[in-house]
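Each structure below is given as structure tokens.
Each of the two complexes below includes chain A, the first together with chain B, the second together with chain C.
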Partner chain A sequence: MTIGASSDPGTSAAVADEVRRYERRVAIRMAVRRVAVFVSFLVVLAFAYTGYKAFGGAIDDAQTEWPVVGSFLPRSDDLTMPPLLDIAAEVSVPPQRNNAKPLGVFVLEAALFTLREAALGFFLGVILGIGIAVLLVRSKWLERGVSPYIVASQTIPLVAIAPIVIIWGRTSLDWLPFTWEDWMSVALIATYLTFFPVAVNGLRGLHSPAPEDVELMASYAATPNQTLVRLRLPASTPYLFVAFKLAATVAVVGAIVGEISAGVRGGLGRLILDFAGRYTTGPERLYVSVAGAAALGILAFGLVTLSQRFVRAARVRESVST
Partner chain B sequence: MKRWTRSSSRLALVLGALAMVAAACGSTDDTTTTTAAAAPDDTTTTTAAATTTAPPEAMTDVTLQLQWFTQSQFAGYYAAVDQGFYEEVGLNVEILEGGVDIVPAVVLDSGAADFAISWVPRGLVPREEGLDITNIAQPFQRSATLQVSFKDAGITGVEDLAGRTVGNWGFGNEFELLAGLRSAGLDPETDVELVQQQFDMLALISGDIDAAQAMIYNEYAQVLETVNPDTGELYQPEDLDVINWNDVGTAMLQDAIWADEGRLASDPVYRETAVKFVEASLRGWIYCRDNPGSCVDIVLAAGPTLGESHQTWQLNEINALIWPSPLGVGIMDQALWDQTIDIATSEAILDAPPTAGAFITDIAQEAVDNLKSAGLDVIGNDWQRVDVVLVAGGD
Partner chain C sequence: MTATRVAPAVEMVLVSKVFNRGKPNEVLALDDISLSVGQREFITLIGPSGCGKSTLLRLMAGLLDPTVGEVTVNGKTANQARADREYGIAFQTAGLFDWRSVQQNIELPLQLMGWSKRERRQRAREMLTLVKLEEFGGHYPRELSGGMQQRVAIARALSFQPSILFMDEPFGALDEMTREHMQTELLRIWGETHTTVVFVTHSIPEAVFLSERVVVMSPRPGRLFAELPVDLGARDFDTRESPEFFERVTAVREALRRPDGVE
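Our next item is the complex of A and B:
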């Protein structure tokens, strides 16, 4: 069937099909464009880095009495800014002489370990955040009373709560049917960061339906629960996805900081701290592990973006087919 | 209402799928636990130094909180696990690594660990604040803290620090330096410029500071693992001047084994466990003294990103902090304790000298006696430093 036939009400399936195909084409084109932009920015950054190194080195040689590079501009020597090729080469070098495992594999394994903490932290944060939003949207009083505390919770530095969570996890959770491990405490530390954007944005999203829509629901004699499920929650989806993206990156940060703070072995935080302490003798190793952390953050963000597209595609199809 | 249900179910599906990703990541490897290795192996140490000769049927679970990460600084404990020394005395020891914000004394007091490794001042300060802990063994008899500078700075003694930019780590790591400055008649407030230093030696090598704080077993070696851009070779000990606080006389005691004081008094089983734990730990240190190569391998296996030559250097220097132990390994030297307390009180780290029971020697003495009767050398007069060849990057 052709597009022209779509005026016939019986061919809405064909229209949906067409829309789906169009959607997919757009998605592929966008994905390609996105990757191209990302890669070209990477190249630009690499040039900027290398260029600054060359420029800094030249200035450094020339400067005598009034140092520019190294005073208000960062140093550009190989210890401060290792050559990019050295950093790339370090990926395949084993950190231990008699152990064949290259650094890249260590970083990959550590990234998986941290991803597990971040993912658990993300989900607990999403559940907690949506729970809080749903609770607060019910009552103006509750919203006014609780909101300041939610904000205040984010001003407590992680370093203050991390040891408490770790010790609590080790001493108070032996009644659980499974063994509580330190990485789960780190996930809780990440949760502490992730619930906040979800709760705040979720609440905004639940409040987002226009008053006339809410009144319409009231005129149908819908219960608050029905209004929540049929109007408020669907309306909050775009707000929630903004929050999810924030939460995903913050979960990675929280997991890494939690590991550093609590000394949990196996993840990127521990690896970064380890190599930071030995920076003088191998700055490339730290750069590689930090690059791993950056990649993990981008991956987390990308996963959420992908899932948003998946959900949005479903909505578009529904609006066409109904 | 089809309109919301389908997209919402997709949302739920997405969340579910991501949750499964999380669960899948979970199946990789187990983490902090380093439990006793297989059968005890007595090929190198001739006699078994166990209080009980046959492994007892019921094993006691013990957790040890370290002050920092796996490295040769804690080699004795890792060796005791690996060589089955703990197992022989009926202990199943789990070693917990430290973290940036983990205070071993607090972890110990909370009950989240049975024993902890901590520097003496870092145990005494929380003890003064009310934590119920006590020092039961003092393996490190010397301080490892140095102030390192390049030869051309001409800092050969404490008095040469006058007018210089002096790096230190802060957070309680600076007291030997402060006391040392005062002992040379310098006022730390006005006569030197004290700056906070990172836990690497970049500031010294870049020339931002004239003298840097360094542990002889760690940061000092890092300088020697760095290529000197002027020569193209690694920096050599001859390129450096070192102020050693042991020589200046302001050294403070470092790694000690701490236990829960109240539990020792009230729980005879815990006290018995403490004796066994100290005995097997000290046996681990004796093993590392007599078998440094194998001991480094144990550390490297426990910390697979650590550099081999760096850890070999570290163990050599750690051995120098322990051996010789004239009173027997792990027994507190009263004079060094008094010196530590003197500095701690005069530098106002502590408000007052610690109350009675801040350290006890009976547990360590019992452990040492057991080791001695098993024929082990608990003093180590014959121990000598070996030459460790450092390679670039400490690899």
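Our next item is the complex of A and C:
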């Protein structure tokens, strides 16, 4: 860790600059590599899909050709596994006769609708989660008393709370200065999932400073608020960003499941439900809408990862939490 | 004002510290410590590991309360002195906040005290000059060597010009050459800032080279074995090789080994 003290500070400053330039180059190379890995992963996935489709198609009724494997592996045909090119082609076909919009536009609009819910659910969850973490770090007593309930909250299934939230939103929020819409209720349902990782990881992060760091703040007679803002919160950013990545993907899942269990139209959840119901007449449509959901999750994850680049405390301390 | 001039920098009267009192893991860390540190004095505490040096320093800093006895700093209770920012402190790990640049780290205490941005910047620049890191204000801690990080920690501790500097094995993690360099630097800074320094160390030569008085502690429970004045005058490069220096080193070593002391 220790290199001798600089007898020549000028040289060391230049060296440190060089180190910084080098690290930036490494960061760019890493980003390029990450994209390349993702693309090759997609290609491998496509090959695997097509490969299994061919393999599963060869499994026949009598299982004569594959006596062992054929007895437990699912068979495949164009209904269970439509050809990739058919799925791709379906994107430009309107899903309904009376509607001129192609499926791709349909899914895109639904994805935007769901994205709005997920984004609101994400931000509400982040605020709530950090709020809880900040509250709990203030007192050991509170932390011990409340933590079990936070964990227990996640065992209640979304399907159970979704209709309650929707009905409550429709009937009890007319005092608000704006009209409460169903998508906002779905965002609240997503919040129920997103606050959890933020609260848990945030609390861990707020506890993460070394005792010496806390003592240092005490030696300056810093107030609890100053210690929170100047030490605990910056120290917790790497933990928080791990939580944000979890929360971002979970927000999308929460929004989709929320839509489905509350019967809210307009988003990916409803679309997936519809296309699942009409699966036999067009399996490609379900595949396209599910791909849309996956893309949305990846987008949410990517946005958080990208934003981490702009927070120094998170970038500098990235290695701490991983 | 006059009161603080007359009062010793640190005064401990019959101080004992017990951790986990009444529990099975009760520890008597310090026993009957009485010690006085004069204004502008440079004193080192030395003793075997676990003898309570850090605990003693934390009591002086008002970060721990004594179980028995009284600690006053500049004529105030240790806690009041802490509230009044009478001292700066540096630990073995530099403890810089790695999300803050060197300059921002030095400005931390000033920021907590509500200094304006301009005043903070001005002072940080002075401190960077004091520790000879003028060009590194914009760098981040992990871009610095261990010795440089410790110099930043010293600059941070002195940024608000406290009258006392507490140091807990600040050079313990440094290699020998850097360490000796840092000792010389610390003496220069001490000379320039007229600060009282209470310095904790494991190293006998370090204690002898740095301080005007070495306080030798016994193994646990920590008691004061001996207080040895070190009258070596102004230190320079040759001090470490002088017969007087070796004489003092031997004296401290003997003191550490005394009565029931284990080497």
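Just so it is clear, the second predicted complex is superposed on the first by the 272 of 322 C-alpha atoms of A that agree within 3 Å, B and C clash if a C-alpha of one lies under 4 Å from a C-alpha of the other, contacts with A are read in each partner's own complex, and residues count from 1 in each chain.
What we mean here is this: a residue touches a chain if its C-beta (ideal position, glycine included) is under 8 Å from a C-beta of that chain, and two chains touch if they have at least 3 such contacts.
All figures in this text were calculated on a predicted structure; none of them were measured in a lab.
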Just checking: does A:D86 make contact with chain B only, chain C only, both, or neither of them? Give me first, second, both or neither. neither
*asked:* Looking at A:R230 after the superposition, I want to know if it touches chain B, chain C, both of them or none. Which is it: first, second, both, neither?
replied: both
Query: Between chain B (first) and chain C (second), which does A:A218 come into contact with in this model arrangement: first, second, both, or neither?
result: second
Between chain B (first) and chain C (second), which does A:L115 come into contact with in this model arrangement: first, second, both, or neither?
first
Both chain B and chain C touch chain A at residues 230, 234, 237, 317
So, in the complex, the side of chain A touching chain C is made of residues 1-6, 9-10, 12-13, 16, 19-20, 210, 212-213, 215-222, 226, 230-231, 234-235, 237, 312-313, 316-317
Given the complex, residues on chain B that touch chain A span 1-4, 6-8, 10-11, 14-15, 17-19, 21-22, 25-26, 28-32, 69-70, 96-103, 106-107, 110-113, 198-202, 205-206, 218, 222-223, 225-226, 300, 304-310, 392-395
So, in the complex, the side of chain C touching chain A is made of residues 58, 61, 63, 82-85, 87-89, 91, 93, 95, 97-99, 108-109, 111-113, 132-136, 139-140, 142-148, 151, 173-175, 177-178, 181-182
Contacts from chain A onto chain B in the complex sit at residues 70, 75, 77, 79-80, 95-99, 101, 103, 106, 109, 112-113, 115-116, 119-120, 122-123, 126, 159, 162-163, 166-167, 170-171, 181-183, 229-230, 233-234, 237, 259-266, 270-271, 273-282, 303, 307, 310-311, 314-315, 317-319, 322
